[in-house]
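Chain IDs A, B and C follow the sequence of writing; residue 1 opens each chain.
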Amino acid sequence: MIEVNGIKKKFGRKKVLKGVSFTAEKGEITCIIGINGVGKTTILNAIMNLTPLNGGEILIGGEKINKHSYEKITFIPDAIIMQPNMTIAESMQFMADFYDSWNQERAIELLDFFKLKEHEKINSLSKGNRAKVNLLLGLALDVDYLLMDEPFSGIDIFSREQIAEVFTSHLVEDRGVIITTHEIGDIEHLIDEVVLLDEGEVLKQFNSEEVRETEGKSVVDVMREVYQP
Amino acid sequence: MNRFAKLLNFELSRFMKLYLVLVAMTIIVQIAGVIVKTNEYMGRANQTIQEDGLSIAQFVEQYGAMSFLDFTRSLWFMGPIAICAAALIFYIFMIWYRDWFGKNTFIYRLLMLPTARLNVYFAKATSIVLMVLGLISVQLIILPLENTIFKSMLPVNFRVDMTIDRIIDWNYLSMLIPQTFIEFVLYYGAGFMAVLILFTAVLFERSFKWKGILLGIGYIAISGIVMLSPVLSMVFLNHYYLYPLESLGLQIVLGIIVTAMSIWLSNYLLNKKVTV
Amino acid sequence: MNVNFNKRDPVYVQVIRYFKEQIATGVFEPGQEILSRRELAGRLKINPNTAQRAYKEMEEAGLIYTERNLPSKITKDEHVLKSVRQELIMEAVDDFVHSVRSIDVPVDEVLDLVKEKYESTSDGEEVQND
């Protein structure tokens, strides 16, 4: 389980996170939704210890993050995080060199699934394909938790469908996934937990299937209630 | 291969293309320089001898024979060295900033490697030092070659021959190319320390942005003052307490303290303060 | 396999309903192997935990059964199969009656119209289903 306990973050005088708390379980897809403002990416950065906090703490499986954690949790940011002049094969080699948890078989399966060509250079790829490479490099690690920043934004519909397909496949299964999005759109049926964020605060956390079952509401219905009371 | 070695290899290969360009530029410009300079001299000699009706001996007496040092003091020789030095000093900063700037922020990957972040820092520092050493090795290798070309370009009575040892010794080159092992350790130890101080300043900036620039500059200033404190105290007190050897020892101790401080601070910043 | 899920009913309930329809119309035959929960999730683009939930409920209701580690199969229990069909028919009739009653039409008129409509469109629908 990932436990985010009252984290606070200021950028200059602006309070971006004002004591954010939520949990994300292994085997579930947790979606952080924020319709406006910053904060979503900051939360993911903070979980990965990529930005310092002004308060609160984050535990991953009961532990504070350390260098060994990066074999158990990985982050797929919005932008590609490889040297752009590398080929896909070279980036895969880079990952294999540094991570014990790299799973080459799965990497090749993903390559095939996304129909990517190994010898292509990253900077020659379309935005959709870059997102796929990004996903490939993260998903091919045998980690317990995957964090993804806006995996569906700014890419073509077919890439989006393909990525959605990955979420439901064995490539993701049994891992804990946290994704951020500003638009729930067509992924409503893909996610388990929903964390509604606004102005640096968590307004509500709920299970999407549960809210449909007990209240007969869609995720968007709940969002409407919470964001426009 | 452990992760540090892999990182070092990675850092070196990232700069390799530009680095090879620097090496090639140095070789080409310097060798061209030998040829141009000697031709110039011979042209002037021939012209003067003809116009003024001098003998070779009279010309050499009046205008001097050409030595290899005349070449090493020219822009043809110093230019490439200056460009390489500038490029590497620039790269001390760029080796970090290139990971943050641009569309592909590689720093995410580097900070998320399952290894101590200090390894990233040491890999970058080591690659800078290795690249400096590499350039100096290249210079050492091409010096005899240039000297040979120099000799072949000028008739023996127009030139003053020098051995490579003397060429280095007689020159600012002795700054770059230490003559003894102790000098080597001292010079390059100091160089390594300087790189670490600058790295620490960069990390201050990366951690605290605008305030970080001030902190970084402050850190560089404090390091400088600490390193110069023995000299400064002697100047201000106008009294020399220490024998040269003691003074050297003190300098080394201060150097080690500043280096350790830089590493400790950088480790702290990389783990607790730095932001992507 | 393409299901249009609505966003307000639990997805697992909609999956079960889809299975019942397929069973009632004979698309899923008794004893036929069904997709694994993972395959189903992928095919319907739904959360694998939801697919799991649907299978669990269907297993408990006796709609599907699993022997050892083999893939799950559609039940062969005549009684269950019959009741599925009955249930769907009743649901549809209930809905129909509910909406017809709201516009206050006499039952004989409705029945004639239903018969007429049903016979004239059934051929067309058969073709569409193929």
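The working rule: a residue touches a chain if its C-beta (ideal position, glycine included) is under 8 Å from a C-beta of that chain, and two chains touch if they have at least 3 such contacts.
In this text, all values refer to a predicted model and were calculated from it rather than measured experimentally.
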Just grab the chain with the largest centre-to-centre distance to subunit C, centres being mean Cα coordinates. B
From the Cα centroids, identify the chain that ends up most central relative to all protein Cα atoms. A
Can you give the whole-Å distance between the Cα centres of subunit A and subunit C? 35
For subunit B versus subunit C, what separation do you get between their C-alpha means, in angstrom? 78
Taking the mean of the CA coordinates per chain, how far is subunit A from subunit B in Å? 44
Per the contact definition, I'd like the list of subunit C residues that touch subunit A in the complex. 5, 7-13, 38, 41-42, 44-50, 53
Within their complex, state which residues of subunit B touch subunit A. 1, 3, 6, 10, 14, 102-106, 108-109, 111-117, 207, 271-276
Touching residues (chain side subunit A, partner subunit B) in the complex: 45, 48-52, 67-71, 74-75, 77, 79-84, 94, 97-101, 122
Subunit A - residues contacting subunit C, complex: 27-29, 161, 164-165, 167-170, 173, 188-192, 209, 212-213, 216-221
